[in-house]
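Below is one structure, written out as structure tokens, with a few remarks after it.
Chain IDs A, B, C and D follow the sequence of writing; residue 1 opens each chain.
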Amino acid sequence: MSEFILQILNGLDKGSAYALIALGLTLIFGTLGVVNFAHGALFMIGAFCSVTLSRILSASYETVDPTQKDFLGNPLKVKSTYMESWLGPDIGGAIIDWSVPLAILFSIPIMIAVGIAMERGLIKHFYKRPHADQILVTFGLAIILQEIIRGFYGANPIQTPAPEALSSVAQLGGALGLEIVYPAWRMVYFFFALATIGGVFAFLQFTTFGMVVRAGMADRETVGLMGINIDRRFTIMFAIAAVVAGWAGVMYAPINAPNYHMGMDFLVLSFVVVVVGGMGSLPGAVAAGFLLGILESFASWERFKVFDGLDQIIIYLVAIIILLTRPRGLMGKKGVMED
Amino acid sequence: MGILEVKDVNKRFGGLQALGNVNLSVQENTVHAIIGPNGAGKSTLLNCLIGKLIPDTGSVMFDGQSVLGRLPYEINQMGISRVFQTPEIFGELNVMENMMISCFAKRDGAFRMQAMADMYREKEVVEKAEKMLEDMAMIDKRHDHTASMSRGDKRRLEIAMCLSQEPRLLLLDEPTAGMARADTNNTIDLLKQIKEDRDITIAIIEHDMHVVFSLAERITVLAQGTPLVEDTPDKIKGHPKVQEAYLGEAA
Amino acid sequence: MLGLNKKDFNLLMVVVGLSLFAPFILNIFPKDSAMAFFNGGYPDLMQRFAIFGIFAIGFNILFGLTGYLSFGHAAFLGVGSYAAVWMFKLLGYNVVPGLILSVIVAGLLSVVIGYVSLRRSGIYFSILTLAFAQMMYSIAYSDLFGRWLGITLTNGETGLQVYSNDPQILLGENSPIVPHIFGLEMNARLTLPIGPWEFVFPVGYYFSALFLVLAFYLSIRIFRSPFGLMLRAVKSNNQRMTYTGLNPRPYTLAAFIISGMYAGLAGGLLASMDPLAGAERMYWTESGAVVIMTILGGVGTLIGPVLGAGTIKYMENIISKMNEKLLHEWFGFLPDSLEYSIVWVASWFTGEGWHMTQGVVFMLVIIFLPGGLVEGGQRLAARFGAKSNDTGKTAQPAE
Amino acid sequence: MTNKLTRRGVLKSGAVAGAGVALPTIFTASSASAQAYTNEPTGSTVTLGFNVPQTGPYAEEGLDELRAQELAVEHLNGEGDGGCLNTFTSKALKGNGILGKKVQFVTGDTQTKSDAARASAKSMIEKDGAIMINGGSSSGVAIAVQGLCQEAGVIFMAGLTHSNDTTGKDRKANGFRHFFNAYMSAAALAPVLKSEYGADRRAYHLTADYTWGWSQQESIAAATEAMGWETVNNVLTPLAATDFSSYITPVLNSGADVLVLNHYGGNMVNSLTNAIQFGLRDKMVNGKQFEIVVPLYSELMAAGAGKNVQGVLGSMNYNWQLDNEGSRAFVKSFGEKYGRPPSNSAQTCYAQTLLYADACERAGTFNPCGVAEALEGFEFDGLGNGPTLYRADDHQCFKDVLVVKGKENPTNEYDTLEIVDQTPVAQVTYAPDHPMFGGAEASLGTCNPGA
């Protein structure tokens, strides 16, 4: 029983990342009508915001300690961080320790800048081009972004730990009389994802801005005819989608060490998620994200692995079955992306 | 017994009754117009005839055979061609290629694998396409790309493509919508000419009364998804119900 | 001639000419000169030009004509390779049975995948093909089919290869032990030194190039046939097509199968040049690569895919070999500071940075030359007042 | 069987023999036939081909290999401080290149894909005239390239390849491996695991679902079971997996008290990170402290896993902290040039380059068959690993294996691992026809000089 719950939690956790990425992807698709293959790269950039902030915060100076030797036998250069020497080991250490949560703030201006630069600089020119062109140009961009990150950070994964206080396991299920331990940070990630998704939906539902955008998603021409400058709002939506993808990456960094190709690893999956959810449907994307996350978890669990290798193909198998039985995905709208 | 018999057709979209007990009979070799105000269900009816929509109840018979449950291309192969409100042609191809597609469709049916033949060496098809373009006075435009043509020319091409399939029933969905007066008149003349030259039944949905009364031999008035009345143009003009439901509104 | 009009025949002759003289064109720099680095005329690369040319031509029949963007075509290439290697293992190294089987197997697989995927269009089709191909990749990489059946089918990540204890029932006493066509070995070659130049004429390359020419000829015939016209009709206006009494699905399925068989042939040829089939050639990025080749060359044009395949393969093989040491040698004549800054910039785009170059070139083409290199050629031709026609734009060398 | 092999050995490939066409005299029938062997160096230089992953997940590993190879070329040409030329027991190398020819090198990118690796190797052989291929960072690639070099008639020195198959069922006469293998890792780890964790343990295996993973799992399971451990379960994980949580959770209630991660590279970094996240290292099961074992370590992966490696046991081919004359000379030379200690794959590639050069000098030729003969059964010391033997039967190298552990309190970024034990070579030696290595059927075939 407890194992069953654990697998559900695993699924929700994987699903959180899928849902956040797919949400942004769908926002961009729904508003701008652009299929953005560089969205995985935004997720990756987010994760590297965590890496970068933790590097900035732990920037250090070197002092030579003649009592110790380095690997060449020369006196060892000991590194100490500015943060700790300025603010003392307690506060300074705590700030370094909390660099990942702090990166949520740090990433906002970066992701907005990247998002706006992408939209204004490139994607704007592709609104009227065929979807194939959009896919390909953003794919090219994704390659370039990932190469830039590789150039600066190397190809090796970079550990970016969660704050000490959140690195342990959380005891859950005490009330149910079950012994369930689950990594605290993964719980944080799940609730963070829920909050972000809730925030995006609330924003679209309850603000005037959101209402205009939703109207624009439904029928771009009519809204345009009403004299509302929908393009500018869509640019902002692109930036928001970039921030959502970026946050998904920022918070993902402690779960698995970021590397430069993590965006591509998630890209295909998140497209499958979006298509299974139904192109252009926000609730569909979120639901499909969690659904596929849970299915993947259970397929990896031996008890449910009906045949060898099911865990490797489950996502694709499910995608094929859903697309064939529900032509427009779980919640897709008619006429979207069908030409 | 008409060539097209529509019996008790109903179609609902959610809570909206789009078509209610529609009965319609189109006689062979006539021009039959279906008119009605916006939202009267004209397009829904048309879509039910060509297989784009399937009615909830009722039957649609073409020449004694049911069209229901058949796919659009099968219905076309039975002898029904449709001209769309906005001309639907092959935008990236030139005029001759457009014509040849429909000529091949007539000759070879829904699918035939001819991957090694040279399309321009299929003499009968080329000749037929050229003949049709000549008939439609478009032969000197044969190499033009359709994307740059006027709406009237596009309409003319679309009609030519439909005719080259030698349909027994030609369905026209507001063929002059969005056209300038001169283009409209040309289209009327063209349709009259077509009717004169060949044995063909034409069903036309139209807003423009000028077009309707210039062409139609029978008229069905549709309102709120149900046929109000069906009669000759002269009688329709004076019919009080029609005046009230449609013409009055227009006036 | 050959059922082609004059223009198409000329174009075919251009491809024949390029194929015949590729060893000269690609070895334009003398062997020991500094520029020899840029020569692409060694057997392996020339063979890849031809083979990926076939792959891209086939892909173009689907994508260029019908507009259906398949993101899973590498799967057919992969099964083609596996089929050919299995023939080597079971029968012997003669490539004929291998090539025949690779086309058949890829054809059968494309019937299945095509039948299912073509029930959807647009991005749904792309994702379906992607899903199928990724499944095939996973199955091949961990040899899942083999595991379910209890045999070795793909030999996992190492790749399927021929072992000396394989049956090879047709292997005679004197048969060559490398892939060959009735005794003529694929890795045999002639070398022709002329002055400082050295030209290599590999058997494998000419064998592949023969298929390239055939594949190209076939694609011209398809482009000009009623079938090709119908495929273009699918791309242009699916609605009008159905209301013209045509059933688009068998047409697209046929195109899908044809392009799948082209990919299978390419896969079989790859295995014939080098008898090893690895699962990586089925990965989704490889499917992406053929899309890139086609677009880069000019989608929907006849010669475009061949040019695109050549360009991508050239970049992949030549640019990735420019290491920093080489850059320093080249720019060594400059003052140190300048040398180092140039090398610093260049190293982003060369050696391990070749993906970056690929990304940049690719983006530039999509943004500024949506018609690919063919459009570029046309524009150039137009600028210099040459008559803009199909042959004009093919006059430039393959790279 | 034997019959067939001999016949194949006699047949030579590469010539246009079958063509039967009368050739104009202007053609020198085949580039190969003009030479005694593939790419026979005729000028004043000789070209080595370094084939390493420069892109993809193992790019850092590949770059470190490249650094080491460049350093080796420097030393061969008499530049720099000479490195291990001074400590190498064979004194054939003079620092004047190889056989008097200056050493040059070309590089290729394997992308850690068999296809790409073969393409880049071919390009170096066919276009640049490389006389040998060195390097690589995965077993699939090593086996694929080894097969290619056998066909092409050049020597292949594998880089980081740990699968038993490389010198097992896929062994080739033209291929040599300096790196150790899965069997040796297991044999070296088992006694240490027994002394550290006891003989009564229940192990749960997570295994990467490809050739190397299977081979590693098979080896370590056999070695640990032999000393009394029980294998509770073995679960295969997809290579593409990035999140291992759903593979880790079943471990929690499985009753196992040791988790063996038969993972490498990104898989290992993530699975280890996830296992630590789930608190496995803090758990008590069956009254024992729960332990994690990573059979194959590398410095770069340890750095990627950060503090998660602390206290986790594994094995290595070489570590820069190894204290012997050759190792000191190499670390000094490498460290001064690049400002960092070498990784174990760097050391492998460095040693292989020197060994190849030395074998050429001793054989007096670049002919791969002569070189292979000189390498077979060669015993030496002074390249960093201590006394080493290149076994003639399977071209596997035999030397002590290091058992290492993630350091609890690293003093700097390179100080992630510490050497726990050095398992003597006798304990990791196996018969050439060992069933895990293809059994009696496995054969090197005959050396192919390519002409």
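Basically, a residue touches a chain if its C-beta (ideal position, glycine included) is under 8 Å from a C-beta of that chain, and two chains touch if they have at least 3 such contacts.
Since the model is a prediction, treat every value here as computed from it, not as a measurement.
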Starting from the defined contact criterion, work out which chains touch chain A and chain D both, please. C
Graph separation of chain B and chain C (steps between touching chains): 1
Which chain is most central here if centres come from C-alpha coordinates alone? C
What are the two chains with the most C-beta pairs touching? C-D
Averaging C-alpha coordinates per chain, one finds the centres of chain A and chain B separated by a number of Å equal to 52
So the centre of each chain is just the mean of its C-alpha atoms; given that, what is the distance between chain B and chain D in Å? 74
Need the CA-centroid distance for the pair chain C / chain D, whole Å please. 32
Intercentroid distance (Cα basis), chain C paired with chain A, Å: 35
For chain D, residue numbers touching 2 or more other chains are 55, 59, 209, 236, 238, 240
Flagged in chain C as touching 2+ other chains are 138, 142, 355
Can you name every chain pair that touches? A-C, A-D, B-C, C-D
List of chain C residues in touch with chain B within their complex: 3-5, 221-222, 224-230, 232-233, 235-237, 239-247, 250-251, 254, 258
Which positions of chain D touch chain A when the two form their complex? 55-60, 209, 233, 235-238, 240-243, 245-247, 249-250, 252-253, 266, 269-270, 273-274, 277-279, 282, 300, 303-308, 320-321, 331-332, 335-336, 341, 411-412, 414-415
Residue ranges of chain A in contact with chain D within the complex: 2-3, 6-7, 10-11, 13-14, 68, 70-72, 76, 79, 150, 154-159, 161, 167-169, 181-183, 185-186, 255-257, 259, 261-262, 265, 296-298, 300-302, 308-309, 311-312
Chain B residues touching chain C - in the complex, by the definition given at the top: 50, 71-73, 76-77, 81-82, 84, 88-93, 97, 100-102, 104-106, 108-120, 122, 125, 161, 165
Flag every residue of chain D that touches chain C in the complex, lowest number first. 1, 4-5, 7-8, 11, 13-20, 23, 26-31, 34, 54-55, 59, 63, 66, 70, 106-109, 113-116, 118-120, 122-123, 126-127, 138-140, 143-144, 147-148, 151, 165, 170, 209-212, 236, 238-240, 441, 443, 445
